[in-house]
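Next up is a structure, given as structure tokens.
Think of it as A, B, C and D in the order they're written, each chain with its own count starting at 1.
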Amino acid sequence: MAPTPEQIKRERLYEPLGLTTAEYDRFAELLGRLPNYTEMGLQSGMWSEHCSYKYSKPILKTFWTHNERVVMGPGEGAGVIDIGDGMAVVFKAESHNHPSAVEPYEGAATGVGGIIRDIFSIGAKPVASLDSLAFGSDFTPHNQQLIDQVVAGIGGYGNSIGIPTIGGEVQFDASYQQNPLVNAMCVGVMPKSALQKGAAAGAGNAIIYVGAMTGRDGINGASFASSEFTDEAADRSAVQVGDPFMEKLLTDACLEVTRDHRAALVGMQDMGAAGLVSSSAEMASKAGYGVTLNLDLIPQREPNMTPFEIMLSESQERMLLCVKAGHEAEILAVFAEYDLEAVVCGRVTADGQYRLYHHDELVCDIPVTALTDAVPTYTTTPRIPAALAHPAPDFVPVVADATATLQALLALPNIASKRALFSRYDAQVQTNTVVLPGDDAGVIRVRGTHKALAVTTDSNGRLLALDPYRGGAMTVCEAAANLIATGATPLGITDCLNYGDPRKPEVYYMLQESARGITEATRAWNTPVVSGNVSLYNETSGEAIAPTPMIGMVGLIDDLSAITTVGFKQAGDVVYLVGQTGDDFNGSSLQFLQTGQYAGRITGFDLPTAVATGQAVLTAIQAHLVTACHDLSDGGLAAGLVEMAASNVLGARLTTSLTNAQLFAETPGRFLVTVAPADVAAFEALVPQATRLGPVGGNQLCIDTCDGGVNAPIADLIQTQQEALAWQLA
Amino acid sequence: MKAAVLNFPGSNCAEDLLWAVGPIAGAHAEIVPATATDLTGYDLVLVPGGFSYGDYLRSGAIAKFAPVMPALRAFAEAGGYVLGICNGFQILTEAGLLPGALQWNRDLTFICEPEPLVVENATTAFTRRYTAGQVITLPIAHGEGNYYADDATLTALEAHHQVVLRYQHNPNGSCRDIAGITNEAGNVMGMMPHPERAVEALLGGTDGLGMFESLMEVCDGAYA
Amino acid sequence: MYKAKIFVNYKPSVLDPKATVIQQTLTRLGQTNVDSVMVGKYFELVLQGNEAAVNEQVAKLCSEMLANVNMETYRYTLEEVEA
Amino acid sequence: MYKAKIFVNYKPSVLDPKATVIQQTLTRLGQTNVDSVMVGKYFELVLQGNEAAVNEQVAKLCSEMLANVNMETYRYTLEEVEA
């Protein structure tokens, strides 16, 4: 027997579900009576951070979200940007950190499945996936297994459903040891005219449930994802298993509905966090209507499920549609063709009430808005962490043997190639992938046009830990630089904000400051935030992860022939360094190598300079003056050169006025490019920031510096960079 | 040449094959659902890659019960050309149209990489545009591509020149580096690498085009 | 020396797409008399050592490697075998 | 009604990558007392019908669907169960 309303209040049964007394009281006030157990359960799901963004909304409001190209900004399943020719690109990212920590394979797999549904629910065909991962840096057997299973799960879902995984990143840092980050991004393409929203409007219209049956899996997942996890055993019931085969059928069927049955379709949304309640309540709320559902009609995998369980189940691969009255059979027939179970389970009502019937009993009757608009928002008074208020002195490295230092840096897991991991993803299915993983960004052509899309994810928690404002801005700049290196104009971003407990003043400070940095950089690049996701409470035993905003950025290439890749192409091409190099070693890989930590203030970053440098490089690429391009990040100039040498095993003979140490400085906003000898004059005229280093060619990487330099067989350096991670994970 | 590209629920390379054979190679090709029961009128049936019915039990194990399978068997027995790629190869072995089986890759991981392959037999209908011993590079993308057959079967395959493609650096543990085989009659071929992913220079290479051109040459008499 | 026979299964509440697909295929093929399908894993390990030690080792192996206790249960038997 | 308990295994001549990886991992973890590892699949089906009919149906199911007889062998038992 479910507890009575009075018992819930007396025994505070809402607390284990993550609700405070103030929240519970507020809900009762909205209802004008005490909520019953089902209603309180719905509240707990809908008022969780995951569904309501109650702590992050004030921060998200500060994001810059619209420019002339944005078709649909945050608030719907995914963001939409115009790419011309009547087409639009649709993208969003989502975190699945906690489920992946508990059950790595299925947690990662269902993270991929969830973000795909967000894309096709808009009416877009999913064309590419990316994954941004962060793991602990101590490769214990447990961590190795975690890494293996997360990667297997991402591949297991993406490969099976047939969406190429064309990019992503993997970082290793001590702060993620107990709390890995698994963020997935999906990109779709569609005709602008096919756009559809998740709204349930028009009294009498049908609510249709389609997809997998509802089971007890993932109940309370939404509240679970939003609270720090300490009690392992209790969390374990939240595991959901993904069924990519079912999702493939769902994708194809839903796209057929949006394409061929537009007149019948009112709205469509996937069932994500807080499953059926969040999809139905949000769809009704957005349209200003109410909804009545008969739970006996919901396909159920297990017997004797309660209304609470049916409504809050997070079983995967389910969608909710609103269909015009009289057109039900037409839509059900489409799903039947795909062997998918679909049922009319309710109707839209005009009175704004949310009503549920179960075994002929009215088990919930509350205003829809009590579940959606009424959720309070919270802010915390921020406080600067002591380490930031009093930064460590600047790190001054000594590099006597630059060759040895380079070898050691290339073997660091953060710098070594991630090929051993991403080669487990199908990157080519759909046969549109022009630039494969391993370059600066993945590139896919848009069939039927002369265009291509470039996509990247970037995050850099260790920089934000030192300076959230600059770190936030630099993450956006790094994403933009990765796109530019392929020849793409940055269009817009999605994000996943991965932070600790927002009720802590220091965490809130980090959140606020990084949002400020992100906003400033997105304005500078003209890349609004069109979608995103927040993952808070990433803490174990009171310790928060490094503040890690993941930036997923999409760029447009108008001319397929301008696509540029990282690898040196031809002996004789001239290598240029674009942008100034300073003594910027705080937070660098060199600092980590020599001291075992990242510390100090962040220096050398200037947003207008970074944008100007990027734009100059892009102009040169678009003018076909550049044969290879790479943005510099971890490991600086020296590591960047080895990465460029790798694809065709070509060395270079270079001279610079920099010092040994400066070969490894991580001054942001720099690029390495190569230029064919015939184009040198034109290039130098166009990119005055460029410094000539010398020619590509030979079997050695030779860099003469003012105090020594690097001289090593390029094959050795490449081997270290390519194989170091596989060795360490074996 | 008129080609049918079979589409099983869960196949995900049917559209890719259609694009490669149709617009790129220039043949007439169309998608045929796995519910079809008649394949007459086609010169070539392509069985695409993907995860038919989720491949949850064993790759291709459920697809062999699809409604189209009797028609496919009849088509092959009548001498029609059948090419199974990746999951298509798995389906053909499960259905008994090709000998052997495909099990988990040696390292238990899915592998997506370009692989150099040696064309062992350049006299088949599928490979006549190549030369014997030629090395071509085609992408692989599979978790269960480790070819297994017992020794007697392997010896027979080699004796009858049914081994058409071998890996140069065996990535998955396949017996005798086998990447692709035909049946004894030579009209049914299965291979793990994806030729349809190597038909455009923009996407990194055109080494796979020769397979489709070979089939067009055979089916249409002369191919320019 | 002992032979451990180990069975690993999904917990009943966990969705098993494998079993679902098999059941659906059987239905499609007209074999409607199959009421339920359960798919599990089966391992046989041969281990050296005395019974108590082997028992402890197998239990640990099951819970840490062969089964995923978040969503699976396991059971096993030990029987003595000749070297 | 009968419950069929079905075991599917690789033939001994087939090198099983899953078993190999488990054995390698055990060795790496220092558990060198594990002499052999066999990985198989286990199915439980509940079928309506008389024993002879069910027996025939299960045998066919095993050889045509649940096992790939090119590389696997199977064995099963039937036991009568309550409806």
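Note that in this section a residue touches a chain if its C-beta (ideal position, glycine included) is under 8 Å from a C-beta of that chain, and two chains touch if they have at least 3 such contacts.
Composition by chain, UniProt nomenclature: A = Phosphoribosylformylglycinamidine synthase subunit PurL; B = Phosphoribosylformylglycinamidine synthase subunit PurQ; C, D = Phosphoribosylformylglycinamidine synthase subunit PurS.
Small disclaimer: the values here were computed from a predicted structure and weren't measured.
Undergrad: Any chance you could check whether B-C or A-C wins on number of contacting C-beta pairs?
TA: Top pair by contacting C-beta pairs is A-C.
Undergrad: Suppose each chain is reduced to the average of its Cα coordinates; what separation in Å results between chain C and chain D?
TA: 10
Undergrad: Nearest whole angstrom, what separates the Cα centre of chain A from the Cα centre of chain C?
TA: 36
Undergrad: For chain A versus chain D, what separation do you get between their C-alpha means, in angstrom?
TA: 41
Undergrad: At least two partner chains per residue is the criterion; list those residues in chain A.
TA: Counting only residues that touch two or more other chains, chain A contributes 243, 245-246, 339.
Undergrad: Mind pulling the chain C residues that touch 2 or more other chains?
TA: In chain C, residues 17, 21-22, 25, 39 touch at least two other chains, as defined above.
Undergrad: Can you list every residue of chain B that touches 2 or more other chains, as numbers and ranges?
TA: Correct list: 53-54, 56-57, 62, 65.
Undergrad: Chain adjacency by touch: line, ring, star, complete or other shape?
TA: Other.
Undergrad: Chain pairs that touch, all of them, please.
TA: A-B, A-C, B-C, B-D, C-D
Undergrad: Under the stated contact criterion, what part of chain A meets chain B in this complex?
TA: Residues 152, 155-156, 159-162, 243-246, 248-249, 338-339, 423-434, 436, 445, 560 of chain A touch chain B in their complex.
Undergrad: Contact residues on chain C for chain D in the complex?
TA: Going through chain C, the ones touching chain D are 1, 7, 22, 25-26, 31, 33-49, 57, 61, 65-66.
Undergrad: Can you tell me which positions in chain C touch chain B when the two form their complex?
TA: Per the stated touch rule, the residues are 17-18, 21-22, 25, 28-29, 39.
Undergrad: Using the touch rule from the top, collect the residues of chain D that touch chain B in their complex.
TA: Result: residues 13-18, 20-21, 65-66, 68, 70-71 of chain D touch chain B.
Undergrad: How about chain B: which of its residues touch chain D in the complex?
TA: Against chain D, the touching part of chain B is residues 57-58, 61-62, 65, 93-94, 99-101, 103-108, 146, 148-150, 173.
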